[in-house]
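Look for chain A in each of the two complexes below; its partner is chain B in the first and chain C in the second.
Right, the complex of A and B next:
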């Protein structure tokens, strides 16, 4: 059953990747492939990280609507970006070594994510409380960001503007390698725990009864989720609803509880969506930056749909 | 055998168990009875380490329950809580298969599948093995959960109101299965509200009230009109009909 689902997804990804690499390419192939290959790697990496982290997060919190980014993670990212420009003034933030900046960002996000998610986990099971917590945390972060925006120099403010949306076009190669290592390691660790995740999806009581130390397992898994989310966000910026879009699709298509299918399937689906839409927008339609905007709009619609059709318990 | 000594536990700030001393014998079906809010469910969930205890001790065959690693305990003790909701979309067979997780860590062997099928047959769910849980009635879902607890094949089986939503034929079937497990040498504890069923199937009765043990012993002693009247604070009549004890509130 696993191959019946995963094989078509893998084929779709290969087709999308081939189109992305070759569509409308002119001139030196070696250069084109190297240049586009790097972007392809970045897109795939971010897609996999977002997809896997969302599926795992939703399993631990036993819901299908909330995702790490909806729980205020994107707002946190913007706050950190703004705080950085604010504290160092614009020039300092730009002249910072990207490697150092990436490391600092990831570390900050990781610490904040762990704090945020453990608050969330305490309310797990109470979806209304979790939604409210997420919204309020998001509002607080955005308000602080807005305050700093108003206090800073207009030219510094324009720097932050570009950080507001995900940028898949300008990824630093060195960062890509580090992010790839971290993402692969975290994804492999999660795959190794696929069966534990299956049991956790039954809920806390059933998991404990079956011999899984729920609280410890959830904390360990959330650490991996935080790592994935931090790295992908620090790499390209916030994508709020993409994870939700992918997880909804994955659960619909897979129709199974087994995480050894769900995790790779979600990663492949996410990569197909991201690479195919990037090909469509950048190569066919000739647009530059609108991919993340369109994906966000789609994901937002899915979010509203899921909220509305949620069965009343 | 489970030995409980001056056990206390709270939910939030509210003390629920105020010093429980009890013995749940091996090879017997113990009925746990008492009014709403007596702490029966909390006691079961403390025994199943789902709720932390605040004091006292629980011993499983002489070993301190808190010292037994979670994974080992899952092979020795299974607990089914009241109103268990499974959020994931599963088939009946998948759910019962999870009962084998402590033994096989998720990779079901042919023997595991045999055990799962036998347990489904015990609760009359074999024909529905491939159905998704969200397409079942409340009683069928309850039986699927019981099948999962049975599939765990533990020496201790704790069932919190397993007869919820069950019709009378399936209630009898489940009680017969529980009694059979007890006769096979297991420690079976069942929270029951139907005292007639408790009187008929139980080998040992523990009555709880206000987080304390009110009375414990063989059914004829505990289930007298006077003792039950004091337990529930209402007038109760106990009649003998067709050789069975029937408990009636008036």
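Right, the complex of A and C next:
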């Protein structure tokens, strides 16, 4: 069953990747492949990070509408990024090594996400209230970020500015290796817990009944989710609805609860969508900026569709 | 009653504070005695204060009317796509006819705001009535999609900076001759008061309204018109100011109930006071530079909203 689903997805990904690498390529193949390969790796990483974090987050919260970014994880990361530059303005954050910066940001992100969202998730009884809270927290975070942007040095601002707008075609490749390492480690850790996720997806009461310490497990998983969100936000910037689009598609196609299928399938699907649309927009249509906007708008429409079609309780 | 009695002096004090706050180092006494001070007062400080008052009162009243029409406490022009729709119209008219006069742009923004809000209300009617928080949720995402369309248009035509002015409300550009359209919004606020009873009844739902002899469709259309025009005027003159229409009516309704005839003046006063207070704060927080009032309200209003959302116990409606 797993191969029946995963094999076609893998094939589709390979086709999309091959097209991305070769379409419209001219000149020295060595250069083209190395240049595009780097981009392809980054896109795949981001897709996998967004997809897996969304699926896991939805399992922990036991619903299909919440995603980490809707709950304000991305906004939190941007806030931390800006706050760090703001706080370190005297000691020269501009010249800080990107790896060191990324490490500090991720560590702060883990602590903040855990503190904040275990509080929010405690009131998980009322889904709508939780989502609304997440969105408003996101607005507040963005406003605080905006406030700091206004108060900081212009030269420091330009450093932050590029981070606040999602771009799939201008990925920060300096962080590629560490991002790959983090994503693979987090994904492997989650795959190892696939059984636990299966049990968690039954809901809190059933999971406790079956002998899983729900709250501890949820916290540990949230840490991994925050890690993946840090990676994708650091590489391309905030993407709000992409994860929702992917998870809705994955659940629709897979029709299973088993996370050892769901997780790799979602990662592959996300990579196919991202790489294929990047090929289409950048190479075939010749548009530079539109991929993130189009994917986000599609995801937003999926969100409204899911809300309107939800069975009335 | 005590609230009303406290509101007037508080507002007067705030207004005086606003008149006395600014980047120029002219002291309070010189403002009235020095000819230069008087000039400054007439050209910049007074218009700015009046603009903040008008915008605050208008947005708060638009929020409360919106809540009556959608029959939901957590709705306001900023969470229903009205502001984003106005922005979309503004960008569209800027692309199609860059040289058009400001009143034409305002007309276009009003038209799209009207269409966008009507679309939102049509969508809301299809949501299950027992889940009130779904309404603002849908509205926020709907606004996000409209905003994405605006961003797309603006990005392709290099207008991002241009729309940034409208997406984040700011009073620093307000001078004499630059804010007068807001008086129309002030007029509509007064007009809304004359129709307060009808909005109160419309807030009880279609069946009840028709039962009481009210032309429900007409009141809905009129309310929609008021909300859209006030929002579009505010967006075009000073930019989008979030949360005012949401937190002010909610707090007032806790104290004074939902009869608009009684609560509308307080709503307008408190809205004006909130925006003016945030604007003064925005001017002093990094004196002599300024921070957009939209950013300040995004933090202050967001915090109040979170409190409202969680302090109601499990009711939410």
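To be clear about the criterion, the second predicted complex is superposed on the first by the 271 of 313 C-alpha atoms of A that agree within 3 Å, B and C clash if a C-alpha of one lies under 4 Å from a C-alpha of the other, contacts with A are read in each partner's own complex, and residues count from 1 in each chain.
The rule is short, and it goes like this: a residue touches a chain if its C-beta (ideal position, glycine included) is under 8 Å from a C-beta of that chain, and two chains touch if they have at least 3 such contacts.
Bear in mind the structure is a predicted one, so any value in this text is a computation, not a measurement.
Enquirer: I'd like to know which partner A:140 touches here: chain B for first, chain C for second, both or neither.
Expert: second
Enquirer: Once the two complexes are aligned on chain A, which partner has more residues of chain A within touching range, chain B or chain C?
Expert: Per-residue touch count on chain A favours C.
Enquirer: By the touch definition at the top of the document, which applies to A:257: first (chain B), second (chain C), both, or neither?
Expert: After superposition on chain A, A:257 lies in contact with chain B alone.
Enquirer: Thinking of the overlay built on chain A, is A:308 touched by chain B (first), by chain C (second), by both, or by neither?
Expert: Second partner only, chain C.
Enquirer: Between chain B (first) and chain C (second), which, if any, makes contact with A:209: first, second, both or neither?
Expert: After superposition on chain A, A:209 lies in contact with chain B alone.
Enquirer: Examine A:62 and indicate which partner it touches, taking first as chain B and second as chain C; both and neither are also allowed.
Expert: First partner only.
Enquirer: Regarding the shared-chain residue A:151, is it in contact with chain B (first), chain C (second), both, or neither?
Expert: second
Enquirer: Is A:201 touching the first partner chain B, the second partner chain C, both, or neither of them?
Expert: Only chain B is touched by A:201; chain C is not.
Enquirer: Do chain B and chain C touch any of the same residues on chain A, and if so, which?
Expert: 313
Enquirer: In their shared complex, at which residues does chain A touch chain B?
Expert: Touch list, chain A to chain B: 62-63, 195, 198-199, 201-206, 208-213, 255, 257, 313.
Enquirer: Could you please specify the touching residues of chain C with respect to chain A in the complex?
Expert: 74, 123, 126-128, 130-134, 136-138, 140-142, 144-145, 148-149, 151-152, 155-156, 168, 242, 286, 289, 291-292, 295-296, 298-299, 302-303, 305-306, 309-310, 314, 316
Enquirer: Name, in rising order, each residue of chain B that touches chain A in their complex.
Expert: For chain B paired with chain A, touching residues are 45, 48-50, 70-75, 78-81, 84-90, 94, 98-99, 101-102, 105-107, 152.
Enquirer: Which residues of chain A touch chain C once you look at their complex with the stated criterion?
Expert: Those in contact with chain C are residues 123, 125-126, 128-129, 131-133, 135-137, 139-140, 142-144, 146-147, 150-151, 240, 289-290, 293-294, 296-297, 300-301, 303-304, 307-308, 312-313.
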